[in-house]
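In the two assemblies presented below, subunit A is common to both, partnered first by subunit B and then by subunit C.
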Partner chain A sequence: MTYDVAVVGSGPGGAVTARECARRGLRVVVLEEGAWVEPGSAEPYSLDQMRRQYRNQGLTVALGRPPVAYTEASCVGGGSEVNSGLYHRADAQVLQEWSSAHAIEGLGLADLVPWFEAVEERLSISTPPGPMNAASDVLRRGAEALGWDGLDVPRWVRRDAGAAPVKQTMLRTYLADAVAAGAEVRSGVRVERLRLAGDRVTGVVTDREVIRAEHVVVCGGAVQSPALLQRSGLRRNVGRGLSMHPTVKVLAQLDEEVNDPADLATYQVKEFAPAMTIGGSAGRPGMIALGLSGTWDRDRELGADWRRQSVYYASIRSQGTGRVRAVPGVRDPVVTYHLTRRDLAALRAGMGRLMVLLSAAGAQLQVPSYVGAPRVSAPEQVGPAVEAMSRAAAAVMSVHLCGTVPMGEDVRRSATDSFGRVHGVANLSVNDASLLPSAPGVNPQGTLMAVAHRNVDRLLEGSR
Partner chain B sequence: MPAASVRLASLTADLLVHDLPEASVHDAAAIGRATSQHLASLPGVTRAGVCVAQAAVVGSAAVLGRRPYSRMTPDARAAVVHRLAGSGLPLVSEYFRLVRGVALMVAHEDPR
Partner chain C sequence: MTARWEPAGTTVLTGGGGWFGRAFLDAVAHPRPEHGPVARDGQVRVLAASAAEVPAILDVLPRAVVHVGDVADPHVLERLFEGAAGASVVHAAGVIHPARVADFDRVNVEGTREVLRAASRVGVRRLVHVSSNSAFGVNATPDDRFRQHEPYRPYLGYGRSKMAGERLVLEAAASGDTSSVVVRPPWFYGPFQPARQSSFFTMVAAGRFPVLGDGAQRRSMVFVDNLVQGVALAEHAPDVTGQAFWVADREAYPMAHIVATVAQVMREEGYVVSGRRLRAPALVGRLAERADRLLQDRGVYHQSIHVLGEMDKTIACDISATEAALGYEPRVDLAEGMRRSVRWCAAQGVSLAPRRAER
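== the complex of A and B ==
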């Protein structure tokens, strides 16, 4: 049997693609390397979730100095199943920057608004009524004391009267719609390479069989999509330009209980956006211990007070870039990232602003998350603590990887056209975060889903 | 379990003698094994790097302890590992940074 469309990857980009194609009556198969894990069956932010729903059990790192730890989901539904569900539209200025630097057509805010609205409706984007959670309120208090701008970020959560809020993951929304429209979803299937014949793709080679398709859409995310293209011999402008949001963290201890291990702060400080965002991280006891691991000899006793502690972060739009390289004979691609001096300075500035804010919010004690960091219990200690974070000691992590298969009309710089169609291969597309030329300064899921809608709409127009 | 994984489990358990003094020998060994299993899922190139770092750790331990790591007493092993973890030596300290982070997560999250 030959499918009309084979979608490689079932995260937000793949789920949008599969739903829209299936709804137009096309025969669609979705191939996902990770497992099918029912939403809600793994505790959020737990080690169990890392083992079941993350690639390499959450132990992925971009090599460099310092190395940057990042995470990639590996399960049906992709990142939507494990992330915090915070929704943003891309900043108009960022869309303009991408459009002009990469000659991308139809990527202005006005072009995307209909697609943003479609995503927002299907994912029930909303801000919870009532007071914020305690960890969020710490950020709000600090921001208000300093006169900084911020907001309680909307989430993809459905709130039916009398029922607990339900996160609107891909499995519960777009993939469910795709399956209802006839799409087939196969989990635990790794696509080794694309099957190419001249300037066309004829299907995919998996670890089990060859699957034939009239059109292949690669949606494996910013690491796996370029790696698959490279393994298939498609290397032009593929894998370079990896972009992310380097992030540093600070553990804060308050007078009151602030830690909900099943949730995190949804308030974000936008005073410095899109260049820098301040927000909250997961704070299970294991995460608290991890945050203290750089100063464990001194701080291990602090862990007992975890209910009064929460982990906060400062993330930046980075000037640095990285690369994804598929190495023959090696299963996992090699990922590298170069953090520039300016990035390191921005991270120090972010950490400083974060600690000033937490002090203003009433934090009694703060421990920046880097090796050998001092404890900070007064505002005058913030400066020295920030200056002491060297490149070697820094513990930098990131999510929101983008930019490895950039779209655009300039064939010297881009790997696909403005709508994700791979240059030089007639019936092959990419439709995920790897198309976005850089990390946008906010969680990119909303943006990539709007872009995915727009791209698949264009693709289907062409097929009519 | 491959020899490198057994060694990683042992080094983790020795690290926990100081890092989690309240953990029993049995618990430390269990955390060591779980940490080793978790780290076995590292991407291939990173895993190879960790193996190289582990070789540097074992070599440094032998120099510091004046006998091969495998022939030291448990107390001597724990003392040497504690010193190496805080040494700031390239590779060696990065190895323990990784191991400590995962071991602490495992210790707090895994039921025993």
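== the complex of A and C ==
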């Protein structure tokens, strides 16, 4: 049979696309490479979850000096099933920067507000009532002592009276709506390439069969989407411009118990936003150990005290860029990322500020996460600890990958038009974080979902 | 912000012969609104580093009681602080461009230690310590601003010495020993400027001052009368002991804008200003910084190389905590401040550049 729409990838971008198309009565199929894992069946932030819901069990890396470790979900619902569920709208200044630098139409804050509101309503975006968790409170205390701005970030969590809070993943929301409206979701199906003839996609070649659809929307995320386009022979401005939020971490030990293995700090310091954000990471004992890996010989015994420890991060908007390159015969693309001199300086500055904040919050002991880092137990040790993080020693990680199929009207720089329609191919769109010209300084899920709503609305308008 | 203290009966100023010191004394003699609560009738004791500085000090404030000596010499300080219980102390002595790297430690660290000791012995009301941005290094990006609380990341020898000085002052405050406040000015400009600043004007007029890279790197600057206001406020604010405040003009200026403003002001003041602008790659700044580090490691200080090494950097601060806690309100902006500087130079007979022929 021929579908009206084939959606490749079931993360937030694909879920929005599938739901909106199905609700307009179109025949929709969603093709997802990862497994269908019922929400709640994998322990959040656990190794079990890494194994079942992440690509390569969470071990993916952008090559460079230093290399940047990143994680990519691979399951039905994509990143929304595994992430911490922190919601932000895009910063107006960032939208302005994107619009002017990439000649994007209709991407002002006012254009997106109706779509942000739609997303916020469906995902039950809310800030929990009552006191923050202990790991969050460390950040709040530090920020208030220093006079820094911050907030308890709203989350996509539904709180019904008398029931435990429920994270509103795509499987529980947009994908459920899509299925209810008749969409078909197939998990464990890998799309190898798109078959093109002239200016049209004529088939979606999977590892089992060829699927036909009037329109194909690629929503595989900033690594998989460009790789699929490249494997299909679409290379113009595809795969370059990879952008992310390089992040450095510090393990802090407090006097009191701060670690809740099933949760993480939801408070973020916004004093330096969008250029720099300070927040909290997942803190299961395994993650704590990972945080000490750069100094393991010295610090292995610290792990026993994990209940008083939590891992915090500083992340930056990066000047550097990277590249995704599909390699024939190899399943995963090669990802590279170059951190500029300024990025490294910003990471050092962020790490320094993070440690000043943790000191102000009462951390007696801090271990910056890089190879050979000193222990920090007094504020005057912060500067030297930061200076000693060389390019070679830095341990940088990232989430929030963007920018590999940039949208915009300037065909010399963009791969799609302002609404995700791939230049030169009549029935092919991209609708995920790849479109965002750069990592926006906040968790991009809210932004990309609003943009996905906007794009699919435009697409359906055109097909009427 | 609570009510301000009344002026103290005695003021003690170190570094009185310096750029800031003389501007401060001039403001005491002729207070204007931009100086804040600087007016005082009581005795003003001034420490000069050498006898040669004395006439210039008396020139601006004839009633000043001038002591001469080394700020790190306990005997000198004992006399300076004699009977100064309840005084307001402004510790502005410091070296920024020394003959030898070792002078940083002797003056900026040991001098501060001795001043704190002397102040504590007599029991002063408040000590205001004039520090520097150099204790904090450089901003990572042109849009970044140093906040009130930042990790110390000192820039070379001067930065290390100012960091050590600040720490001594803040420890004295924390221990309850002496009520102390740190004021951190960035690069300043204005009347009483030394020769190095005049040569900045001369180079700009000749089109020979290098703007490195794209010129978008930003610099916070402070007009010296704005700095006087910040220091005067810090002297008289009761509840801010143990705090440190950036005192700068409201905005950090792009480097290219600073140079363009100086050129424009000089042109308007009748100087011949070259239309040429010297541009150089940012790499020049990095090389100069490296050279500066090598030299300083060998105990040698070279002013031009040091300054050049900072020219591709952003060094910018956020004054909002200073505004909120002290009520600081900088009144003079870059163009006006530079105009006053250029006129001051002219009044002193300092030749900055050829004047346009009078018609």
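Keep in mind that, in the parts below, the second predicted complex is superposed on the first by the 464 of 464 C-alpha atoms of A that agree within 3 Å, B and C clash if a C-alpha of one lies under 4 Å from a C-alpha of the other, contacts with A are read in each partner's own complex, and residues count from 1 in each chain.
As a convention for this text, a contact is a pair of C-beta atoms (placed from the backbone, for glycine too) under 8 Å apart; a residue touches a chain by one contact, two chains touch by 3 or more.
Bear in mind that the values here come from a model prediction, so they are computed numbers and not experimental data.
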Exercise. State whether subunit B and subunit C clash or fit side by side on subunit A once the two structures are superposed.
Key: fit
Quiz item: What is the contact status of A:A346 with respect to subunit B (first) and subunit C (second): first, second, both, or neither?
Solution: second
Practice problem: Look at A:F272 in the shared chain and tell me whether it touches subunit B only, subunit C only, both, or neither; answer first, second, both or neither. | Solution: second
Self-check item: Which of subunit B and subunit C A:E380 touches, first, second, both or neither
Solution: second
Quiz item: Which partner does A:R331 reach: the first (subunit B), the second (subunit C), both, or neither?
Solution: first
Quiz prompt | First (subunit B), second (subunit C), both or neither touched by A:A360 | solution = second
Exercise. Would you sort A:A388 into first (subunit B), second (subunit C), both or neither based on which partner it touches?
Key: neither
Quiz prompt | Superposed arrangement (fit on chain A Cα atoms) - minimum subunit B/subunit C Cα distance in Å | solution = 26
Practice problem: Take the contacts of subunit A with subunit B and those with subunit C, and give the residues found in both. | Solution: none
Self-check item: Of all residues in subunit C, those that touch subunit A in their complex
Solution: 138-141, 143-144, 147-154, 167, 321
Practice problem: In the complex, go through subunit A and note every residue touching subunit B. | Solution: 46-48, 51, 56-57, 59-61, 63, 284-287, 289-290, 293-294, 296-297, 300, 303, 327, 330-334, 371
Quiz prompt | Residue numbers on subunit B that touch subunit A, as the complex places them | solution = 18-20, 38-39, 41-46, 86, 93, 97, 100-102, 104-110
Practice problem: Please give the residue numbers of subunit A that touch subunit C in the complex, ascending. | Solution: 146-148, 271-272, 275-276, 319, 342, 345-346, 348-349, 352-353, 355-356, 360, 379-380, 382-383, 386-387
